[in-house]
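In what follows, structures are represented as structure tokens.
In what comes next, subunit A is part of two complexes: it sits with subunit B in the first one and with subunit C in the second one.
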Partner chain A sequence: MRITFRDAAHLIRLVVVVLIAIAAFAGLRSLMVPETFGQYGHYRGAALEENRQRAVSFAGRQACAECHDAVVEAKKPGKHANVGCEACHGPQAKHAEDPSLKPVKPDSATLCARCHEKNSAKPRGFPQVAAKEHNAGMACADCHQPHQPKI
Partner chain B sequence: MPQGRRDFLEQAGRWLFLTSAAQAALEFVVAGNASAAPNYNMHTHWWAMTIDITKCIGCGNCVRACAEENGVPKGFFRTWIERYDVPGWEMDRPDVDAPNGGMDGFPDKPAKGKSFFVPKLCNHCAHSPCVQVCPVGATFETPDGLVIVDEQYCLGCRYCVQACPYGCRYINPKTNTVDKCTLCYHRISKGLTTACCEACPTGCRQLADLKNPKDPVHDFLRTNSIQVLKPQMATGSKVYYRGLDGSVR
Partner chain C sequence: MQAAHGVEGFLYPNEVELQWSILIVLYPYITGLVAGAFILASLERVFKVEAVKPTYRLALLTALAFLLVAPLPLQLHLGHPERSLEMYLTPHRSSAMAMFGFVYLWYLMVVLLLEIWLDYRKDIVQLSKTTRGPVGWIYKALTLGSSNVSEGALRADDRIGYIVTVIGIPSAFLLHGYVGFIFGSIKANPWWSTPLMPIVFLFSAMVSGIAAVMILYMVSTWMRKKPLDTRCVDTIAKYLFYAFVIDFSLEMLDLIHRIYEADESFHTLDFMVQTRLYMSQVVLQIMLGTVAPLAVLAATQLWTFTEAVRQRLYFASGVLTLIGIFAMRWNVVIGGQLFSKSFLGYTSYKMEFAHREGLLAAIALMILPFLLLWGLVKLLPPWPENEAKA
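Let's look at the complex of A and B:
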């Protein structure tokens, strides 16, 4: 072994250069690579948390039921029992946070037609009508109650 | 002293060993440390979605809800509905249309053969082709089974847009980065369901947690004929369709 290192003075310079290169690499890498990169894999771990922190705009039917339990109860015997509130009333997270913000009452003529207008691609058993023949000029809500749609 | 081959190899080996050891030590030092997210343990979930084709009425509620919840720019879709019309036996030549992604519903037209709706969204593949091609690690599979995009890290190179066999990705014209369905990560991590499932009037779409033994998805998968889109591509898709016709691409 002694023989190998006998005149290795010129190698010391090389060692120093390599060490400086490694230190520079480590320094640059820690500056350029985000802190949470590699936490779970080859990506920035903090991106998950950032994604989770976004605000919601649909409050969810549980939130609706906390105040409007009478409506939920009224819906139960009808065909629309499992239709979410926000399916018709639109996103109401703001209203759930601040009930003084009153939502706009949906227009039944366009709303009912979205689901129940006749279409040849709809499943056979699904109740559908051609609005022009069924209730020309009339509002659906004149006969059907959306929360309990049977006449 | 003239250096022999043996000496050279010995020395070179020594240097190589040193640098790789130093590299390993550096990796250890430089890697970030884990910080737990409050109230949500992503290792106890494995998210998926089930779609019952026989229940879809093409109302477009899911498309509108998605756009409102996620601020999807006009003309782009994280989820959309396609109307299929398969004339007779020509299964490989179905008529497919999706006016404005199905957002405004579908104007009725006489069906030439069998006609039905197919809602589509990111399949959150377990072996995603889009993740494999990302050159910088801006899109990835999370420990809870989602495919997510890191908006801050994305270069907008569009490799993943081309790699996705389902056409689920688009370039957001505002940020010029890629955008896609997150399976409403901000909702499901708070115990809510996705915006599309919340707005679906027929229960055609259901969010599913495959790691939860009490989730009705297990019954659904066990008792129905289930298919994923493009199974031949082995993407490990986690959007399970019931009643999916063979003509659907």
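Let's look at the complex of A and C:
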């Protein structure tokens, strides 16, 4: 017995439902995908411009060195020579623009542990201390010079 | 620090804490059950194995219930379920993980739902005429407004259903082989990176899915106080045994290959298996979850037992199998994160309890498919017709 058109009517209905679903998806897609998506790559092209518009917050090492060459010199002999100023002082673009905006001094009691707290995941050669045992509640800068930490 | 993470030796900073939790263990476990259950159902249909017919519909509904839950562990792990749609809107073709969404969708929509609909259409039409209230509306919607169940229409359903099943088998292979591929293609991790991974995953999926359907069939039959079709469970157990032998051989092949090749990662992995993974790998996965059920199944093939004894043996080996395959997923996912890429250290996995990715969430996610299955069984009874009348 051949399968007649009438016998396949429910299947045709199914195909129609599927087509409607696909059309709905295509509609949803055109609504939801941002216009500039895929302009340069797998992201929203306009995001680049939006990021460019954001205020710069880091000035970079060279900027600090222009006015604070004394500190740069002080740092040179120590192991912190290559640690960027703003890694400790935070983003200072505003201060570099206008030095009358004085940066707050970093609190060494919390600052130094960020890099030096003992952790077995760190390379063995990296200087590290268990802050609680090492400094007995004192600020690190009471004994160490932040710019030249060797004692 | 050291005690809290159970860190030993040297690890890179990003290795101390495991990023892939127990939820990522559930993901391959659940998709495996889906693929396995479906392959069992397909056996009946494509290879016309009449004996397993009583489990055909139950296997399809089991596959559907677990498939609906399969993405949830991932979404819970990633933490932004509302963003999952974006994977379809802006597909990322170079990411295997992102393309999984399409593999999933294909399998759910084109294979599983279609096959269930075609197979149940006659029942749906009947139920839509006899059921009132909201459930009746569901049936009415499912008929798509056509109540044609003439001989010709059913034949058309059967023929298309057959084609769907034939497409479905490679799709089920794809679904779970794909999960294995995702792990197997992580070249930075020697515990995962092997081309055998998709095949091992596939066969372990078949093993777990067949065991799950067998157990669900036994339990549901006992719960309904109906006689168990022993010929059916005998046949399923035989398939379970065959699939398990292949799965076990593949895993042993992988193991022997690793031992003989003994590349630079070997000592680290070997040490890990002897210490941190000893319980879950050697005891749970290999001894209790593989050798024990294989021995029991082999015994049922070699000697004759009474029906009652056989049923108990099958049940026991099914439960052990499910534990063993879960342990295997655990050892792959968690084991692969316990050692350092430097091969110089180990960390440990501390599971949270009441946490987004904790044990509680995992238990809830494992109960959910059974609730769904219960609902599906109420909606679309899978029991054989002659039995329903009796």
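Convention: the second predicted complex is superposed on the first by the 97 of 151 C-alpha atoms of A that agree within 3 Å, B and C clash if a C-alpha of one lies under 4 Å from a C-alpha of the other, contacts with A are read in each partner's own complex, and residues count from 1 in each chain.
The criterion applied here is as follows: a residue touches a chain if its C-beta (ideal position, glycine included) is under 8 Å from a C-beta of that chain, and two chains touch if they have at least 3 such contacts.
Since the model is a prediction, treat every value here as computed from it, not as a measurement.
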item	value
Which superposed partner A:Gly84 touches (first subunit B, second subunit C, both, neither)	first
Subunit B versus subunit C as contact partner of A:Ala121, first or second or both or neither	both
Which superposed partner A:Arg6 touches (first subunit B, second subunit C, both, neither)	both
First (subunit B), second (subunit C), both or neither touched by A:Val56	first
Which superposed partner A:Arg29 touches (first subunit B, second subunit C, both, neither)	both
Most subunit A residues touched (candidates subunit B, subunit C)	B
Which of subunit B and subunit C A:Ser100 touches, first, second, both or neither	neither
Touched partner set for A:Phe37, first subunit B, second subunit C, both or neither	both
First, second, both or neither for A:Val17, with subunit B first and subunit C second	second
Footprint overlap on subunit A, where subunit B in one structure and subunit C in the other make contact	3-4, 6-7, 25, 29, 33, 37-38, 42, 118-123
Interface residues, subunit A side, partner subunit B - complex	3-4, 6-7, 18, 22, 25-26, 29-30, 33-45, 47-58, 60-61, 80, 82-84, 86-88, 90-91, 114-115, 117-123, 126
Subunit B - residues contacting subunit A, complex	1, 7, 10-11, 15, 19, 22, 26, 29-35, 37, 40, 42, 54-61, 65, 68-69, 83-85, 105-106, 108-111, 115-117, 137-143, 148, 150-153, 182, 185-187, 189-190, 192-193, 195, 198-203
Complex contact set, residues of subunit C against subunit A	1-2, 7, 10-13, 15-16, 85, 88-90, 92, 117, 121, 143-146, 148, 150-153, 155-157, 159-160, 345
Subunit C partner contacts - residues on subunit A that touch it in the complex	1-4, 6-11, 13-14, 17, 25, 28-29, 32-33, 37-38, 42, 118-124
